[in-house]
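In what comes next, chain A is part of two complexes: it sits with chain B in the first one and with chain C in the second one.
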Partner chain A sequence: MEELDQVLERGDSVAILRYLRHNRIRASAEVVQHGQGFVAKGKGSSLGIEAWPVYEQVFLAALDLGETLLAERALGLLRKQFPDSARVGRLVGMQAEAEGNYAVAAEVYKSLREAHPTDPVVWKRWVSLAKAQGDLPEAIKRCNEYLKVFQNDTSAWQELAELYLLTGHLGKAAFCYEELVLSGPSIFSHHVALAEIYAAMGGAESLRLARKHYAQSMALHQGDDNLRSLYGICSTCHALARCTHKSAHEDKSDAAVNGALFKLAVDKLKSHYRRVNPSMLPLVEVTLLQQAIGDASLKK
Partner chain B sequence: MQPPTLGHSSRDLLLDPAIRNWGVLPILVFVLCINLLRAYLTHLGKGNKPPEIDDLRRRQVLARADRLRANGNNIHKAGFEARKAWFVGKDEQEGALSEEGVPGAVNPMSNPMGMMEMVKGQAYFGMTQMGMMQFSEMFFAGFVLVKIPFALTASFKGMLQRGIELSTLDASYVSATSWMFLVAFGVKDLQRLFSFDDGPMKEEARVYALQAGGVPLGGGPPAPMGFDCAKMYSAAKGGLDMTRHRFALEDVEKRLLGDRYPTSLSATETFLTMETPTIRSSNLGVTGPTHTGVRHRSQTSNAKGK
Partner chain C sequence: MVELQALPTLKILLHTAKYPHAEVCGLLLGPVNDVPIIDDAVPLFHHITVGPLMETAFLMVEQYANSEGKRLAGFYHAAAQANGPETHPFMVTLVGKELASHRPDAILLRVKNEALSSRAAVPFEVLPLPGVEGAPKVEPVTVSPRGIQAFDQVSGNGKFAACRSLVDMDEHFDDARRDFRNRHIGDYL
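After this line comes the complex of A and B, so read on.
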């Protein structure tokens, strides 16, 4: 697999565009830089059949950068070639969205949905239209409708979870992330996200679950990009100790596990910072120490 | 001692290099072209019918039920039971897998559109096949084109020497008609290099479909032959109904902590263990960690039961 830098260095516009497209990299500035020539040339370009995906790519990048004229030209070329295509129809709707003509966009998506009721991407635009308008309850409703049919679409579950989090429905968001864990039980980031929601919900039961999912995430992936679960374990163990220390059925062995986990996470965090960024270490130590002191004082 | 007939006859028959240039290679190219033509014809004739929305939904329900059965242990018990209840139903309430009106096995004859597709495909195949036969009959009847560089038994004659009924000809010689058949069925992989199937555009469409949630768009078959949705539903329901939940994360902390897992049992803990029926295990000399594990589980389920 070639790296992006290598491809960019060679400076072959077609290859760069193809690389960005196939790897789904959203580098809009690069796409416009390398692709606008093809769009300007239109029919005379040397792309052959690859011209159409390139136009689409340039169109989307131009929307990202707000280059209205370029976007219009690319879309014009596509519409002329594929007047009845759902894929191009979506782009028309996206242009209307970019211009802020939400009513027009809604009209476009509505007719597209009538013509292609099983096209998931049109449906997703329909959801994101509501989100763009700031109507989160409507977006949630549409996303739910979508998930009634496409129950295995993990990205839709994630989107719905985020929508629920934005509206403060922690329990429902947790359900969505549970669904993500079910679809990919070995993906550590799903466990972290789920644990964070459980931790936010609070209560001994949820906190214990959160701790388990953080621990699972640690067990699955112990790398520099999983510090989040270490911090999560620290704060969850802390919260759990606070939550259970006074209750009648305080569980001694669980408390012991709690303490051991906390210590493990602290040790790992410290050794990480010692290795990667020693200047940050005192700050981290102070933060963790405060929690530890808090726990100790609670124990008394 | 006479040498075996194999060697004898192979020495007898010398193939002209012109046969390679005017017989073997043209047939190869011709068959390749015909195969490509056939692929394009099928592609053109294929109706681009989107899948039925109910059909789509049912298959997604099945896949999700399967997923729950396989990975259900990774979420907590209440979450698992709630989903299970949604699928299989609970207390007289019908679950999603008891849906009414799920179609059974589709009889291909009952679906005229499906029949049409099949007939079309077969017609293209038959037409091109007939063309190929005609071609080889016309130009290469009775030709011997290729010699396989190893000896074969006489039973291969039927396969390799179609169109030449010579009992004395060695089995390792291949006739024109047979060569054409061999090529026609053997060039699938070679053909893939030329055809649009794996071309960049197809790749693009595939990526695009994956992005759309792993649902193949349009290109997916409407329903495979003999796909019995009702049967699959009841199988999935039975399978899920049988599944018992065992939380896989129950001892994850223990695994993560390893040696650092606290083992000593305090007085309170021993007391707690006595309440559970598993007390006998302590007499059998089971060590500390197992204890805590057992007590843990029963305690968690108690808590859930509340």
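After this line comes the complex of A and C, so read on.
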């Protein structure tokens, strides 16, 4: 997977649009810049069957930028080609949402849900509508209804977790990620997300759960993009050391594990920065010192 | 009266423009002698962030501030929705508490999404930190026109490279080569 910048530099509009689509990147300014020409040409464009996902992509980007005429044109091309489609129908709803016509959007989604009762895309717009209107409790309710039917939808569980975080329900957000870890125990990023939530909950029991999941994510994935786990371990071990230090039942073996894990994470972080961004190493070292667990050998 | 200088103005606007669909936030820096001037900003997150990463980001920015002879002066926040409700999102409350434990006199700078598209009004306001006793009252803020002009120049007319070049802490945690200190942004002024 190439860096986005390299792809953009090459200036091949079709390739850029394809890259953004496949990687689900929301770069609306770029999409409009590279895609509006195809929409203007309409049937005369050279895209073949790729035209339809491109029109959809340009439509969504145009909504983001408030380019109402461009959006209307892209939508028109799609509606002409796919008059009974739920996928296109939901774009009509989104256009109404973008204009702030939530009542109209609700009607659109209602009739789509009646015509296509098992279509997940339509259902998800129904959830998003509540979120767009700022009614997070309603969005949570709808998302839960969706998940009763589509229990394996990973992104829906993630969305629900985020909704719970936005409303301050850390425990329920943790439950969502527990479901994700259960169904996909080898996916390291789910362990990281779950660990973050447990760490935020605080208290020795949650912190130990956080530490467990951070460690599991490190065991699953040693790559350069698991910095969050390393920082998470440092912060969590530090917090655990502080909160068990004064407890009556100080567990010596757990303290040893804690210290060892902390040191491992610190060493990995230092060697990572030394390798990829040495100019930031002093800043990182000083930061980690703030979280040191009272072990003199760590304060180097 | 809080003075928001050109550099932080530009960084905040670029951060907000880079993630128009997301809730964005960051920290504000000011000179050590406690005058109500904001002279730099560090963009933090564009996802809801709780727990260790928030704490780590704070510690890192605090160390960065110390190394530059500055202090943590506040927190900026732009809600996800353009016309969303006025209530403080969970993130703001979380950060408010964290910030208050470091700097009780810190300010909360709200980006007024609704004022961003027109230039008639100042698109920022200073609010007291939520849930903090004895937090400073709402204060007027003067914003550097040079910062806003620079933003219009580098990101108007479909130009997006400047926005894309801005790095926040979220991106740094994804790729440590990306530097959230954003030293290059000064070149745009």
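FYI, the second predicted complex is superposed on the first by the 231 of 300 C-alpha atoms of A that agree within 3 Å, B and C clash if a C-alpha of one lies under 4 Å from a C-alpha of the other, contacts with A are read in each partner's own complex, and residues count from 1 in each chain.
The working rule: contacts are C-beta pairs under 8 Å (C-beta built on N, C-alpha and C of every residue); 3 or more make two chains touch, one makes a residue touch a chain.
This one's a predicted model, so the numbers in the text were calculated from it and none came from an experiment.
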If chain A is used to align the two complexes, do chain B and chain C fit next to each other or clash? fit
By the touch definition at the top of the document, which applies to A:Leu209: first (chain B), second (chain C), both, or neither? first
Figure out whether A:Leu283 sits in contact with chain B (first) or chain C (second), or with both, or with neither. second
Which partner does A:Leu78 reach: the first (chain B), the second (chain C), both, or neither? neither
Could you look at A:Ile16 and tell me whether it touches chain B, chain C, both or neither (first, second, both, neither)? neither
Classify the contacts of A:Leu264 with the two partner chains as first (chain B alone), second (chain C alone), both, or neither. first
Cα-centre angle that chain B and chain C span when viewed from chain A, reported as a multiple of 10 degrees: 170
Would you sort A:Glu30 into first (chain B), second (chain C), both or neither based on which partner it touches? second
Which partner chains sit in contact with A:Leu70 here, chain B, chain C, both or neither? Use first/second/both/neither. neither
For A:Ala139 in the superposed arrangement: first (chain B), second (chain C), both or neither? neither
With both complexes placed on chain A, how many Å separate the closest C-alpha atoms of chain B and chain C? 19
Would you mind listing the overlap between the chain B footprint and the chain C footprint on chain A? none
For the chain B and chain A complex, residues of the former touching the latter: 50-53, 56-57, 60-61, 63-64, 67-68, 71-72, 74-76, 79, 200-201, 203-204, 207, 211-215, 217, 248-250, 252-257, 260-262, 265-266, 268-269, 272, 292, 295-296, 299, 303
In their shared complex, at which residues does chain C touch chain A? 20-21, 48-53, 55-56, 59-60, 63-64, 67, 81, 83-85, 89-91, 93, 158, 160, 163-164, 173-177, 179
For a test of understanding, state which residues of chain A touch chain C in their complex under the given definition. 5, 26-30, 32-33, 64, 100, 132, 134, 162, 165-168, 170, 196-197, 199-200, 210, 224-225, 227-228, 231-232, 234-236, 272-273, 276-277, 279-280, 282-284, 286-287, 290-291
If you look only at chain A, which of its residues touch chain B in the complex? 18, 21-22, 24, 49-50, 53, 116-121, 124, 148-156, 175, 178, 181-183, 185, 205, 209, 211-213, 215-216, 218-219, 251-254, 256-257, 259-261, 263-264
